[in-house]
Amino acid sequence: MYRVVKIERIKKETPSVKTFFFRDKSSPMPGQFYMLWLPGVDEFPMSISYIGEIKGFTVKKVGAGTSRMHSMHEGDKLWLRGPYGHGFSPMNGKILFVGGGSGMATLAPIIERLPGDLLIAARSRDELLFMDRFKERKIYVATDDGSLGFKGFAHELLEKILEDTKYDAIYTCGPELMLRKVIDIASSHGIEIQASLERLMKCGIGICDSCSINGYRVCVDGPVFGSHELAEMDELGRYRRDRAGRKVPI
Amino acid sequence: MLEVDINDLHFRNPLLLASGILDESGDTMLRVARSGAGGIVTKSIGMVPREGYENPVIYELPYGLLNAIGLANPGIENFGEEIKKAKEGGVPIIGSIFGGNVDEFVYLAKKMESYGVDAVELNLSCPHARGYGMEIGVDMELVEEIVGEVKKSVGIPVWAKITPNTDSVVRIAKAAEKADALVLINTIRAMAIDIDARRPVLSNKIGGLSGPCLKPVGVRAVYEVYSEVNKPIIGVGGIQNGRDALEYMMAGASAVQIGTAVYTHGLEVFTSIAREMKEWLHRNDYENVKDIIGAAQVK
Amino acid sequence: MLEVDINDLHFRNPLLLASGILDESGDTMLRVARSGAGGIVTKSIGMVPREGYENPVIYELPYGLLNAIGLANPGIENFGEEIKKAKEGGVPIIGSIFGGNVDEFVYLAKKMESYGVDAVELNLSCPHARGYGMEIGVDMELVEEIVGEVKKSVGIPVWAKITPNTDSVVRIAKAAEKADALVLINTIRAMAIDIDARRPVLSNKIGGLSGPCLKPVGVRAVYEVYSEVNKPIIGVGGIQNGRDALEYMMAGASAVQIGTAVYTHGLEVFTSIAREMKEWLHRNDYENVKDIIGAAQVK
Amino acid sequence: MYRVVKIERIKKETPSVKTFFFRDKSSPMPGQFYMLWLPGVDEFPMSISYIGEIKGFTVKKVGAGTSRMHSMHEGDKLWLRGPYGHGFSPMNGKILFVGGGSGMATLAPIIERLPGDLLIAARSRDELLFMDRFKERKIYVATDDGSLGFKGFAHELLEKILEDTKYDAIYTCGPELMLRKVIDIASSHGIEIQASLERLMKCGIGICDSCSINGYRVCVDGPVFGSHELAEMDELGRYRRDRAGRKVPI
């Protein structure tokens, strides 16, 4: 059953990303997600990006559903079910958070709970998410076009950073190809890692098999996985399943 | 104590994964097998890839689930690899298929056989897909023809899965009598409306109801058919614990399938049900679960 | 705000007592009327007194009730006094009747009319009585004939109560199209086995399933029939609170009936549902509940 | 859903009455009842006659179901659901308990909880129930045949007692004609009364209408009713409903 929540405030974060604030009685853990229904339009998974009395979804405009959301106003309603899935768990030592694009939305709540440095990456300067929200932290910046910070991909910057600085643990979320590289780098440096994955989700509750990757269900076994499970996922960064369940190359 | 045989197939326990739940990818089926299932029925596979309906395709109710996945499936030509992977689990794999006519069913069954499945299950009962499933499954002549033709075309056992959306499940079961086993039941046609949204929740509007609320309907169907058709029955619908599984078997089922409970109880549900069944059998001095099949039939 | 009219009958609210629940004795019906029901459907009455089945006739499930009362009733000749008493409540009394053939239905309807009921409800849907109810209610020609003949014989509105135990509730509804209103749905055929007793619990073995687990089936039936048959619909099945009643009305019902909730929530259920409906309507700026009838129909 | 309990001990109380002791986790109030199922035989209502860790039903042999029970042994099983209904509630002042025949079974638990005198009535001396159980109390005895105590019916003895002694409250259970008289006597003396009634019960949970008396459901509104409700019941002692729901004279 859905709960109906009212959008109390909308904040434009970047040209393609907005945060929608609302109240809801649920108590999500960092890394958990909700299924968000826009009646007559679509239903899709969305990570919680603000935890607390006032909660938030930080949404990148990519298709029909998210576009509709971007055209919504304060006072409009959202239908949701959840929270679902396994979120992030605490790790020890010196921590680095690696967020690519809207992946920062998923990471934000765990960043708020744990000390550590950030690596924020995006296509260009104005797509960098939550630079302000975490301005007290040490932030490494990478942009594809070099409009701010390191020119290049997140994982390229990560390799450079690790030449000088030792980190014990990485939390990451972002585009799948980035994730694949970040995981491989962490593994070769012996760094513990937790990554939040994205897959097509139909049910969100672990029965339809649409989100599976190497036998793991992203919706209930994940979306956050640890080093051990990630090591077994040879499909990650290589194959995904389409709406018909076909295995297709990424 | 829980071992059963159906059509010469041996099952280490009578708890099979139901079609449509975590059985689209080979890796997931393998995982379910390793979680303790006695056998696996694949998602229903058709002639061509189908994306299924738009979201929402599922809706959680306090006492069950409503779904209209829409027979999403990768298509038979893409399914060989998944079967191969699933077979690594060492338990019988039953290939579920759906078609729009006799020829499609025959083609699909042969293809499944060539992939190495241990049996095929004919989905004659999906409640929410135009031109498939129960639309076919309530046409007695067509049911008889499909079952008959598929039987002639393959060497592996043929199971027929029957709809409860009928005034006589016995009549349909009799039409499907040539099958090697009958699977009872699929979901019931149902709908939920969100009054705040003022519309049905599922994008397809109508879906199938599964879970605990289905159990009394499934038990009734098994009980009714047991005395009328002399074929093994596999019971499905709302099984959540050992008592539920025993209830179906006492009604007349030789084995059962489990779907929605994987959501409510997790993949551990197969081992927990098996444990509860063993405890009950032990406490009641039964040596083998086979001895209770049909035990509740009152003459 | 909750007033509705069906076939020129005026109901102070759309919450009627369903047939078979607390409606055998006039005093009890009077009490239900005084508890806030908008109307009362009597227990289904037949030609002669019937004792019904032996106990157990009812079984409590976590999400509903299973019953096989067996159409116990005092017989039409003994029912005049009860109607008279019930009428003191000042709300419409609908006389439910069941027969084994057209003539019986006609006789019973006329007799009910002579007792002063405001409408008759034809029970074409009891799931557990040999030769009555759904055994008749799935025979399209017979349904059409019964409804037609009763319509010709009485001046009061004729309601037809339809079974969900069919592959097409729309087809049955169309066969009953001459009725002044359609009542959807009766219970689903079901069974529960007590594994420790190794037998079905109900003495009749098979009974009807009612309560919350029936709601998605009833809502679907109302939704399906609404766009196909141009007659008022009365929704029944699993209504427990204001949201449930609104859900049925948005699906297309002009009023609803409440049965099992009288057990789960007590006789206060009529006033609590009415209050919850009013609150929702008020919050959503509706002036009259009539305005939401069919609101969830998606074109 | 039924619970299965094991008969731990059987006690013969009178030639036609036995008590069956068992353990069950439920916590009934005095005056409540259970629906008792003997698979393949019958299901019928039975008051609780012993409350506590070890519970008991005290059963008079009248027909098929109760006869079957009388032929059961220690170790045999009973299926039950409940407790159901409204039991006795406390009343003030000087109390008299009036039990006729197996009606004493229903009264026993409330007798144990409250001080007061007893009037025990039965056909004959050896049918007097629980004389031993309450031997510390003051007991008036009536038998139809005069084999012990007052010769005559319970209500006749009651009228005699009230000539000399003042009671403020009466709890009663027994044959319906006795109840009718006791209630009328109490009413004419201005004595508060609670009576436990018996009616044919099919469902036991308030929906089938088989147990109704003047619009009151014995199974959920009762089985215990107070002075006010009893005063409204003109059917009591005059009419009952048969299995078909017909109103028949008693």
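Order as written gives the chain letters A, B, C and D; numbering starts at 1 within each chain.
In this section, a contact is a pair of C-beta atoms (placed from the backbone, for glycine too) under 8 Å apart; a residue touches a chain by one contact, two chains touch by 3 or more.
It should be emphasised that the depicted structure is a prediction, and the values quoted were computed from it without experimental measurement.
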Shortest walk length in steps over touching chains, chain A through to chain D: 3
From chain D, the most remote chain by mean C-alpha position: A
Between chain C and chain B, distance of the C-alpha-averaged centres to the nearest whole Å: 33
Inter-chain centre distance, chain A versus chain B - centres from mean C-alpha coordinates, in Å: 36
Centroid distance [mean C-alpha coordinates] between chain C and chain A, Å: 51
Residues of chain B engaged with two or more neighbouring chains: 61-62, 198-199
Category of the chain touch graph - line, ring, star, complete, other: line
Contact pairs between chains, per stated definition: A-B, B-C, C-D
Chain C partner contacts - residues on chain D that touch it in the complex: 1-2, 4, 35, 37, 39-40, 42-44, 77, 79, 81, 202-210, 212, 214-215, 217, 241-247
For the chain C and chain D complex, residues of the former touching the latter: 20-25, 27-28, 30-31, 43, 49-52, 54-62, 65, 67, 69, 72-75, 78, 81, 194, 196-199, 201, 259-260, 262-263, 266
Touching residues on chain C, where the partner in the complex is chain B: 61-64, 66, 134, 138, 163, 165-167, 188-193, 195, 198-200, 205-206, 209, 212-213, 216-217, 219-220, 223-224, 243, 246-247, 250-251, 280, 292, 295-296, 298
